[in-house]
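Note that chain A is present in both complexes that follow, paired respectively with chain B and with chain C.
Presenting the complex of A and B:
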């Protein structure tokens, strides 16, 4: 009798459990669906967009290029025609139109290298950065001021006047050296003949000394 | 926010430790609910005990409903969960072999180790068979390799490959489960009871 009673209760319990399961599963079907965003949330994107961390100065890029730093790739987001006319050394060309293509993804969506976007100024590069950041790609940077700034600061640095502080002069020297690395010639840095003449004279003396030394060694 | 480890809410170093803790708990529950008896598992095929069917079906449904609710509420990103890759024919052939072993031996690999732990002799033989099988597989690997690596379909799920609505699928799946439980109960009442 008691057994039958428990069996009944058990059966009732199972029915309740089955009902709960059906209600929960049905709830999933009936719940209003919402579109889920791929990538990061709008709040996060805004926080990233406000932050100036993404900008990298032309001086830093010049330093990295001169030291042959292998940790970054330069991505030119301008049109192909402009890229062919002039671009930074070792840059690859991914025009803004093609930024979402599958083949671009291989360069942009990786965490091996820093990706540095640049365009003529930083507007297009910022757009590219925004798209890629939205897709949650990592290690994205933007060249501050783009190629215009590159020309103004590295290729053709403004010469400081004499009353400017020492830092300005040091910066000018560094930038001048960098621009020489990238192929700019300065008249005052071109070596002249008199230097060579002074070099040849001591060489002759050395050869004479060497002969004497050879004789001494024989003894 | 979730899954916890891929999103670095728990450091990745804890992975194995958590796995060991879950494994011990799983083994304990298996043993405590009598799954280390081969008669209990064989009961599914002879129709006198459907505990195994009920337990694993319930586990699957409860977890899938819970996961989808957590996904809906934003606690978990279901696309980040690991999906085991599908090698179609390897899975079919392996499934058949495992099924035959399941019926013949009355253990699944997990419960056989539980039974070894409590000293059941048939489980020792069964685990010996597993090791023999591993040895044979390794020796014949060159012959089997095209099947083992072939027919690769990627990390797919039923929902991807048939383009089903996951919510309806879960709903229908839970109805099927409840019907299966009811039918199993009816079968069990008709079959002669076995005491073990």
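Presenting the complex of A and C:
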């Protein structure tokens, strides 16, 4: 009899426990609200966005390209048409709209290479950077000034005037050399007649006069 | 007797479990700011929507101008009726309250910096936090003789045809000379697509 009574009390306790668990499970309903809150915290995103560390200058990129630095990928976030018209050497095209696609993720979400975003200026590249940064992708950079700045500094560098400091002239020569690497030709640098004919020295004609032999003497 | 012991153990275990859950709930701190939009929807919205305001249309009574530059620059010169909210202080309570009040009043906040790129980052942070009453001013600020000059500017416009420029330069230099354009060796990057992770959890 005693056993039966204790069993009854225990069964009641189970019911209460089960009820509490069910109520706690109801908390799961709150979860979908936080599902939209993917990625890093807003405060962290803002802190990252303020830092100018993400910007990389055109000169640096030119230097890396010329030295065939294998550690980075250039990502053109413009439309396909502008990409086909002109883009940086070896760049891959991921239009801004497709930046979060699964195929793009393979390029962007990896630790092997630095990813350098660029567009016409750095507006769309920054947008791509912000979204990928929120998803906590690593090693993301933005080309400061984009293609427009690339044209102004590397492809068509402004010629310094003579009163400018030496650094400006050195920078110009470096940029000019870089632009030649990327296909620009300068009239003063093109050798129009690379093989100059070597002047052959006129042959000296040496006429050897025969000496008249003296008549050999008789006796 | 054995049966009773077992039952007791189970009830002790489940009470402990419930206690842990309750402690977890009590210590859980709700994050101050949470994103209301995920990245996919944000991307869709920013690539399709129009968020620029021209300088000429600023007189609209519905617009509230917000200067995201530093207080120092703001004091040097700013647009008329602008309120200074420096980017690093964007998520302060007072500023967020201000944005909330703008949203409740149905007003549109127009952000501007030295150029549209500068205002882009605070714009995107706020936008993802769910403030959809935001615009960007399509203008640049310069100083000329200690005066702030605002000039309209185009965003993401191609300023030069680089390919044509290179072709032209080759043509100009010498039509006859053959120029060997050294193109960098094509780098082949093989990135293996990451395997999709299985959905975690679930019982």
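The working rule: the second predicted complex is superposed on the first by the 157 of 219 C-alpha atoms of A that agree within 3 Å, B and C clash if a C-alpha of one lies under 4 Å from a C-alpha of the other, contacts with A are read in each partner's own complex, and residues count from 1 in each chain.
Following the convention adopted for this analysis, a residue touches a chain if its C-beta (ideal position, glycine included) is under 8 Å from a C-beta of that chain, and two chains touch if they have at least 3 such contacts.
In this text, all values refer to a predicted model and were calculated from it rather than measured experimentally.
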* **Residue contacts on chain A - larger count, chain B or chain C** => C
* Touching A:20 in the superposition: chain B (first), chain C (second), both, neither? -> second
* What is the contact status of A:139 with respect to chain B (first) and chain C (second): first, second, both, or neither? -> neither
* Which partner does A:147 reach: the first (chain B), the second (chain C), both, or neither? -> second
* Which partner does A:97 contact after superposing on A: first (chain B), second (chain C), both, neither? -> second
* To do: Mind working out whether A:28 is in touch with chain B, chain C, both or neither, as first, second, both or neither?
  => first
* Asked: Can you pull the chain A residues that chain B and chain C both touch?
  -> 14, 21, 24, 27
* Asked: In their complex, what parts of chain A are in touch with chain B?
  -> 14, 18, 21-22, 24-29, 31
* Asked: Quick one: in the complex, what on chain C touches chain A?
  -> 4, 7, 11, 14-15, 18, 21, 25, 31-40, 42-43, 46-47, 87-88, 90-91, 116-117, 120-122, 124-125, 128-129, 155-163, 165-166, 169-170, 172-174, 176-177, 179, 181-187, 189, 191-194, 196
* Structure fact -> Within the complex, chain C is touched by chain A residues 6, 10, 13-14, 17, 20-21, 24, 27, 34-39, 41-43, 45-47, 49-50, 65-66, 68, 70, 73, 78, 82, 85-86, 89-90, 92, 96-97, 99-100, 102-103, 105-107, 109-110, 112-113, 119-124, 126-127, 130-131, 134-135, 147-148, 150-152, 155-156, 181-187, 189-192
* Please name which positions on chain B make contact with chain A in the complex. => 61-62, 65, 68-69, 72, 167-168, 170-171, 173-175, 177-178, 181
